[in-house]
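These notes concern the structure reproduced below.
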Amino acid sequence: TPWVARAQAKTIKVGMPTILSGRVAQLGTSSRNGVMLEVEKVNAAGGLAGRQIEMVIRDSKGQPQEAARVARELVNTDGCEILIDAEASSGAFAVHEVARDLGVLCLHTNSETSALTADPKQHIPNAFRTARQGVHDSIVGGSYAATIAKAKGLKKWATCSPDYAYGRDTTAEYVTYLKRFAPDIEIISESWPKLFQPDYTEVVTKILQAKPQALYSCLWGGDLTSYIDQANIYALFSQMEVFAVNMADYTALTVVKNLPKGIHSGNRYIKTYPATPENAAWGDAYKAKYNEYPTNWSWENATAIMLLAEASKKANSADGKKIAEALRGLKIKSPFGADGTVTMRAEDQTLVGYAIGWGTTIPQEPYVPQVQAGDWKTIFELEAEWKKSKGYT
Amino acid sequence: MDLDALTGCLASSACLVTQTTSGFIIGMLLFLVAVGLTLIFGVLKVVNFSHGAFYMFGAYFAMTAYQFSGSFALAMLCGAAGTAILGLIFERIFMSRVYGADVLMQLLVCYAFVLIFDDVVRMIWGPEFKSMGMPAAFQVAPLFIAGGVVPPYYLLLIGVALAAAMILGLGLARTRIGKVIRAAAHNPGMVSALGINTGLIYGGVFALGGMLAGLAGALAAPVRSLTPGMGFSVLIESFIVTVIGGMGSILGALIGALLIGLIRSFGSLGFPLFTEGLMYLFMVIVLVSRPTGLFGKEVA
Amino acid sequence: MLEIRSLSKSFGGVKATDNVTLDFTDGSLTAVIGPNGAGKSTFFNLITGALKPDAGQILLNGLDLAGRTPPEIVRHGIGRAFQVASIFPSLTVQETMLAAVCADQRKASVLHRRFPLAETRDRAEHAMELLGLASKRNRTAATLSHGDQKLLDIALALVLDPKVLLLDEPTAGMGTEERWRMIEKVRELWETQKITVVFIEHDMDIVFKIAPEIVVLCYGRILATGKPDAIRRNEAVIEAYLGTEHHAGITV
Amino acid sequence: MSAQPVVQVQDLDVYYGTSQILFGVGLSVRQGETMALLGRNGAGKSTTMKAIMGLAPARRGTVTLQGRVVSGLKPHHIARAGLGFVPEDRQIFPEHTVEDNLVIGTKKGPNGEDEWPIRRIYDVFPLLEPLRHRIAGRLSGGEQQMLAIARTLMGNPALLLLDEPSEGLAPIIVQRIGELLRQLRGTGATVLIAEQNMHFCLGLASHATVIDKGQIVYTSGIEELKANENIRQRYLAL
Amino acid sequence: MTELQAEQGVQALEVPHEAKTRRNRDALIALAVFVVLALLPTVFSSKLLLDFVIRCAAYGLFATSLNLLVGYTGLISFGHGMFFGLGAYGFGLMMQKTGVPVPVAFVATLGITFAVALVIGAICVRLKEIYFAFVTLAFQMLIHSTILSWVSLTGGDQGLRGGIPRPPFLGIDLSNQLHLYVASCALLVIGLFLMHQIAQSPFGYTLRMIRDNATRASFIGIDVWRAKLTIFVLAALFASTGGIIMALFVSGAYPEFAYWTISGEGIFINMLGGVTTFLGPMVGTVLLLILNDTVTRLTDYHGLVLGIVILFFAIGLRKGLMDFVVEWYAQRRSGGGERG
């Protein structure tokens, strides 16, 4: 009937499979919050080419087959024209296959695995990543750590990262760049606790045994806080410098009760970095609305909506293909940009130019008073080199 | 694989002592969770898949109590007592209805509660992970005992676990109530025909099992992050422990837990990427050589 | 011929079977009696492979069966029934019989045909008739009375056409009438099929009336063997097993 | 002998699933009597006993124990009211030692009496004493039967329900249990016994009730039964 | 049961040619079901329905094969999911690495499953009850661990990436949803038909005997170990087929397919549907999938809702849906018989 047709023309459904239950339900809720905050603004400003966005958000329970099923259902049955894939790790690859199958516009918002966009075999024209990318993180982290290592004479290093693709790849890349900038360091111990491991005792004592001068970890979320609590009672933090890339996110910072001073961390989401009024305002707006601080996932998802809105404006259409076309190479103003903008790089359809840096923590606000910004020029150079070494170009 | 690290450690006495100590610590924490599981299986022949959920509730109760009162002792008490009551209610209202039925039906009820409890925790405490924080009394430097590093907090934990093992082990073997409990496990109909209220025993055992899980959760709360679903990973390891030791055997659970602890502490040196697999491998080897676990009774 | 040669088995310190040597000639009917705990069931368990003997031989027509598994031994022709009826609770009487015949015909693992196979029916039918279970063919075994369950257990052993049939207290738990009917059947079978039957029994009326040969076990050893009359008067047997009442021959 | 029955069963209907097993069973046993419950295999003897004990579901009817209605109560309440039950398959606790089995059965009688200290049990069952530390599951059938009776006696029952106590026992043991039961009868114990072994039963009982196809068909003193050729032939095949 | 019914039962057994006609009848029913399923898309054009049926086929084969172990043989396996995962990975890898035609990869995957199941089964089926359950679980976790650690082959936790190539064969293009749908239906129907044959064969009764009383079964000459191993391997093959369908559906394979939660779900499906009837697990599958799909649509707290529904089954009915229906029907019939 004409009425239905008009109603459909009026709204555009955006499907979002994510994890809303189980251990990492926080990923889903803060992703959803980030998205909804922006969708409201976009809708208030007239929507996507005049069509109001209607979000359809479903739980995948973190199972890839469920993620695939939900994604298909969102498109095939619920009539979603765009997918926001807020899945972690394997779920993202599963949704990626659905996007390949159905040709629907898909924005990966949470998966930081470099291969998702860097590997040309994965490449499809309709999928984009609006999240940070692992290798960027490692380049910045490596160069930051090298500076500290040289200054403090840290030669013996240990690593302790979760035993799954993200943990292994990020750690390997980090070590590569650390050694590149400070060739005389040495990794004397590696630990690979399982994801969601409740007890880290053996890992802690193993590291203490090895007596390294510095420790790198890309544990995150609850695992990181558990680890800190357990390492604390062994007084590990007083015995070495600790570099924990995922520490400087409010989820971890606000939760840990006895946060040791001076942990080096990459920024995830921090209200004070970039130190711009836009960023602070965004963080406050989020906090006001949801009564909690945004997470790394929040800004990554918010960025997806911001990019969508701009691309649609540019294409003057809500059509997936046209938006995709407009997205390639699109640069938008963003509170999360290193220079106030972020760019959807055309060649591999992944986000670049976001604020990225490292600093040390203190146990109270602003938690990370000084952030040393990463340099995107270096990132691009080394990333290109990395791609070549991987055979991606 | 990193066999050099392993042999290196075995050659150094400091490393040997430290890793053995950490194996013991891991084992004792595991035992504390596993003992309730094995008790409930031993008596009610119920494979309590909801045990992890009780562990979770214990942790959340303790954290909440600690936040409000700031008293560690009260936090532990709330964790243990709260889950004991929960266990009793769970058993009397739900589990008791499926005793006659298929074993799998019991599993199903437990499974239902795993789902329900996780969501209930998510409703009450939110989806984000939480941390209780270490009480100030325990924020002290670790001790060195025979060359091994032991944080004082873990000493407390080991003490509680050993006490639980002794009280339960001796209680079940020596006291009349212990004997009755074991008999009720085997043949509730006959036990009740001898004038003993089996309902009371079952409820009591479940409450005790729940209390042990809750206590374990409460004790773990200062050193582990609290999140819905946190019971799951603990559950699987506890199952490994109880199966290796022999389902229903308290001593078995203790030995099994210590063995797993040692495998973890030394395995993480030699096989950092396959520590998990090592545990399963060990379990397979134990079961193949001893089909009912190390201390399990012959299955009829 | 079933020959037992110095068979021994102990549990911990208990010598349940202690150096037992016995011959059961083909076509014999022997009763095994003895106090509770004498090792009668253990003796059967050893012969049928439920337990592995510590030492000794079990020769069936010269072939040593000691230490083999129950299925192998059953296939060599030694069937048994149990002291406590051992049946398949969820199968009906008829299904139980049919399945047993199937197993005997080595068709228990046939995948491509429907159960029951046509060729199994007659034998199953025959066994049910023989033990008077035909009218209860469609009853699930679990719902049978105690006595009927024992009958079913014996039928399970019989239906396999064993050369040697071992019955562990076949009449236990039966009423007087069934008891005699049962034992008559056993005797009839023994007479018509020319099989070797060994049965454990505590009902002395039956033992003395039916069994041409009697073996008395006590503490795992053979206390006496012989004809009923001799056993009945054997002082040692009276003291260890029979007691005074039977000796005096009190009957109602 | 008091006029009031120790146990009185009235109009008992029992079903297993949809099939009715007992049809309006009624019987009563008075103080000091030994009542034999006779009948063929499957007549409903065990079911009657289980129903009295609360172990089988009675749809209709009442069980009164010393004037108190106990039907509908849980088995442990019925046991505490003074019923002691020895089931036909013995149901000893196989993983416990003999002595532990007895300890588990320990209970004061309904009026607080304790007539069966463990010493007396061993006096009555001298065979059990040397086995006291043995695992009960490894006892022979006869040993287990003795243990089952002993365990129930430990609970000082006012009425003892014995379901086929002679099954599978050596004659000399049957004789001993017979003596024991006569001895019990001498002390004024009340017993309801289901038996297939007529020699044993008729020498023991003071009264008899015959059940057939779930219905009580005959009740009398034992001498009348012995004299009643008709009943004996029809229902008991004697 | 009345005398009359008993009589009928006897007669049914005494007609010797019946077995063959019964099988033909089964085959006809299977064919009819397949035709109906295959024609479904011409009536309902919903892609959701097609997806749903494909998933039903995958889980249904898996759950029904698990019931051969749980319901028929009394072997409670907590690790059956490993074969589901093995099927998915075996097939996916074969297609990605070797590029053989789909049917070849299918058969080869079953071959691999056969070999693996034989080895694992030979170790597992010696154990009893809960220990069997946990040793199968241990093997499953071992396989899961291996998948996670062997990154170069399996892609580790991110699964087989880049999609599974599905080159057309014999005019069948499995990357087309409709073709995949018809193929899944065919596999489901054939699988169920074969499993039904197994359940109704003498071997099926051997399994029941083992479930009821394995000791007694060995005393009538059944080699219990061999029979258990046989059914373990057979069930693995059907579970593997389910995994293959799942791999085709998501165009990938993920470690979650070999995780113990899949086995748990299988058991759960069985309990929902009921283990005493052949079709119980199939009913359970449909039930669980519908439940899962609708509840996740309606609420974030699907665990809570699902849990309450399960409780209703476990405590309210105390048996699976099909068990309940069958019992209720039997009772009604016998009740009617008495009245009539």
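The first chain written gets the first letter, and so on, giving A, B, C, D and E; residue counts start at 1 in each chain.
We adopt the following convention: a contact is a pair of C-beta atoms (placed from the backbone, for glycine too) under 8 Å apart; a residue touches a chain by one contact, two chains touch by 3 or more.
None of these values were measured; they are calculated from a predicted model.
Q: Using the touch definition from the top, what's the fewest steps needed to get from chain A to chain D?
A: 2
Q: With one step meaning two chains touch, work out the least steps from chain C to chain E.
A: 1
Q: Per the definition at the top, count C-beta pairs in contact and tell me whether A-E or B-D has more.
A: A-E
Q: Just how far, in Å, is the C-alpha centre of chain D from the one of chain B?
A: Comparing mean C-alpha positions, chain D is 44 Å from chain B.
Q: If you average the Cα atoms of chain A and of chain B to get two centres, how far apart are those centres in Å?
A: 35
Q: Where the CA atoms of chain B average out and where those of chain E average out, how many Å apart are those spots?
A: The separation of the two C-alpha centroids amounts to 33 Å.
Q: Centre to centre, by mean C-alpha position, how many angstrom separate chain D and chain E?
A: 50
Q: Which residues belonging to chain E are in contact with no fewer than two other chains?
A: Only 302-303 qualify.
Q: Considering chain C alone, which of its residues make contact with at least two other chains?
A: Residues of chain C touching two or more partner chains: there are none.
Q: Once bound in the complex, which stretches of chain C touch chain D?
A: That would be residues 11, 14, 33-38, 41, 83-84, 143-148, 169, 172-179, 202-204, 240-246, 250-252 of chain C.
Q: Flag every residue of chain D that touches chain C in the complex, lowest number first.
A: That would be residues 16, 19, 39-42, 46, 88-89, 138-143, 145, 164, 167-176, 196-199, 202, 226, 236-238 of chain D.
Q: Can you tell me which positions in chain B touch chain E when the two form their complex?
A: Against chain E, the touching part of chain B is residues 41, 47, 94, 97-98, 101-105, 107-109, 111-116, 118-120, 122-123, 236, 239-240, 243, 247, 273-274, 276-277, 280-281, 283-284, 287-288, 291-293, 296, 299.
Q: In the complex, go through chain A and note every residue touching chain B.
A: Checking each residue of chain A against chain B gives 20-23, 25-26, 28-29, 163, 189-192, 194, 196-199, 201-206, 208-209, 221-223, 225-226, 229-230, 232-235, 251, 255-258, 292.
Q: So in the complex, the part of chain D that touches chain B is made up of which residues?
A: Residues in contact with chain B: 53, 55, 74-76, 79-80, 85, 87, 91, 93-96, 100-101, 103-107, 151-152, 155.
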